[in-house]
Amino acid sequence: MIDVRYFAWLRERIGERSEQIETNATTVADLIEELRTRSEAHALAFSDMASVRVALDQELTDMDAPLGNTREVAFFPPMTGG
Amino acid sequence: MIDVRYFAWLRERIGERSEQIETNATTVADLIEELRTRSEAHALAFSDMASVRVALDQELTDMDAPLGNTREVAFFPPMTGG
Amino acid sequence: MSIRVQSQPFDMGFEVQAFTDSVPGAGAVVTFSGLVRDEGGSLGAMEIEHYPGMTEKALQSICDEAIERWSLTDALIIHRHGKLSPGEQIMMVATAARHRSDAFEGAEFLMDFLKSRAPFWKKEFTGDGAEWVDAKQSDEEALERWGSET
Amino acid sequence: MSIRVQSQPFDMGFEVQAFTDSVPGAGAVVTFSGLVRDEGGSLGAMEIEHYPGMTEKALQSICDEAIERWSLTDALIIHRHGKLSPGEQIMMVATAARHRSDAFEGAEFLMDFLKSRAPFWKKEFTGDGAEWVDAKQSDEEALERWGSET
């Protein structure tokens, strides 16, 4: 079980703050493939990957990263702090 | 008549904040030649010209500058503000 | 070092004075504060979403890196989330160092990383509706000068 | 724009807050303050001499140039003269702009010019006596990046 969290417009498009996912995905990219099949909203949210960032257990990483023992995956648009 | 002012260690070496000078000098460099002859203290103060800066009527300039109608000449070491 | 992520406003004057008073060995203090621009009256409000937990970790790590890299005497980051009005202070950073170039560079580094690497997202509310603020390419480029992996 | 040359201390927190409150259209405020370093306890006091009249003109002209060059919303310089103790604030600058890079560059420009082109001279008092602070070559070099005639 992995906890998937969404922020900003990814959260709004998917309509959920987080979901518990049962997955055999080994990388972030694999996990996204699975998520896309969950609903049209998911497919739409993950349609422009240039605008999606990912963090594994609250550390920024990239889409090729292995999931390993990750407990929390977060997807969000490019950050706009400051 | 020209008003010559000194600041920081130039003031301390010469022992005056300002002096009224009657001069026919046409440039700052000429004026300094004259000032050097006024006393040993003056000669010492103007012995290392790399450490002397000049302002004419409160505008920074260089030693070649013509005096023109300047009313106030100031000599001081490199500035250390901020 | 101090990191604060909060929804309440902060008192910039108080924070700057307190920070300055706490660094007697430093010769230079630089502060930056970011304000909600009123955009000529068109902006009604801004809302800032963040990622609790990750935000604090990211700010801590950016702060650690700045302190080490520029030998800062101290550094401070305060960043708000939630709803803000035009003119309100969104965030501030402060850096202290012996010399001014370190304090300036440390503060600019903190800002460049906050802009693109700290998990905050801004949404603007205008008469036309609400819109998420796009990340700027120029902010991404600003990061490159620091040559870091982050 | 505001220029103040004074012997009395100033309240950094108050000044930063007042400056920030006065620039509602700006998105970024940068401040710098210079403190008398205690130098590990060896420094007893600092005295700053200046050139009344010329000082105000020089600061005004530097400020005008910064505002024009970086389209600053506003700028502020406060500089003290006379006797100061370790830990005291010598001076501050503040800049406001729409974007952070202008506010940062404007403030750095003001500082680089203040350091080497404004008529202030620092004297340090230690247990060994009093000595005028030497100008630093690095400050002169810092000026060069702005490519100005001043």
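For reference, chains read A, B, C and D in written order, and residue numbers begin at 1 within each chain.
What we mean here is this: contacts are C-beta pairs under 8 Å (C-beta built on N, C-alpha and C of every residue); 3 or more make two chains touch, one makes a residue touch a chain.
It should be emphasised that the depicted structure is a prediction, and the values quoted were computed from it without experimental measurement.
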item: Intercentroid distance (Cα basis), subunit C paired with subunit B, Å; value: 48
item: Centre-to-centre distance between subunit D and subunit C (centres being mean Cα positions), rounded to whole Å; value: 23
item: Chain centre separation (subunit A, subunit B; CA means) in Å; value: 71
item: Contacts with 2+ other chains: residues of subunit D; value: 34, 100, 111
item: Overlap residues in subunit A, where contacts from two or more other chains coincide; value: 82
item: Touch-based graph of the chains, sorted into line, ring, star, complete or other; value: line
item: Which chain pairs touch, all of them; value: A-C, B-D, C-D
item: List of subunit C residues in touch with subunit D within their complex; value: 11-18, 20, 23-38, 40, 86-87, 89, 98, 100-101, 103-104, 107-108, 111, 142
item: Complex interface listing, subunit A residues touching subunit C; value: 5, 7-9, 11, 55, 58-60, 74, 76-82
item: Residue ranges of subunit C in contact with subunit A within the complex; value: 34, 49, 51, 53-54, 57-58, 79, 90-91, 111, 114-123, 132-135, 140, 150
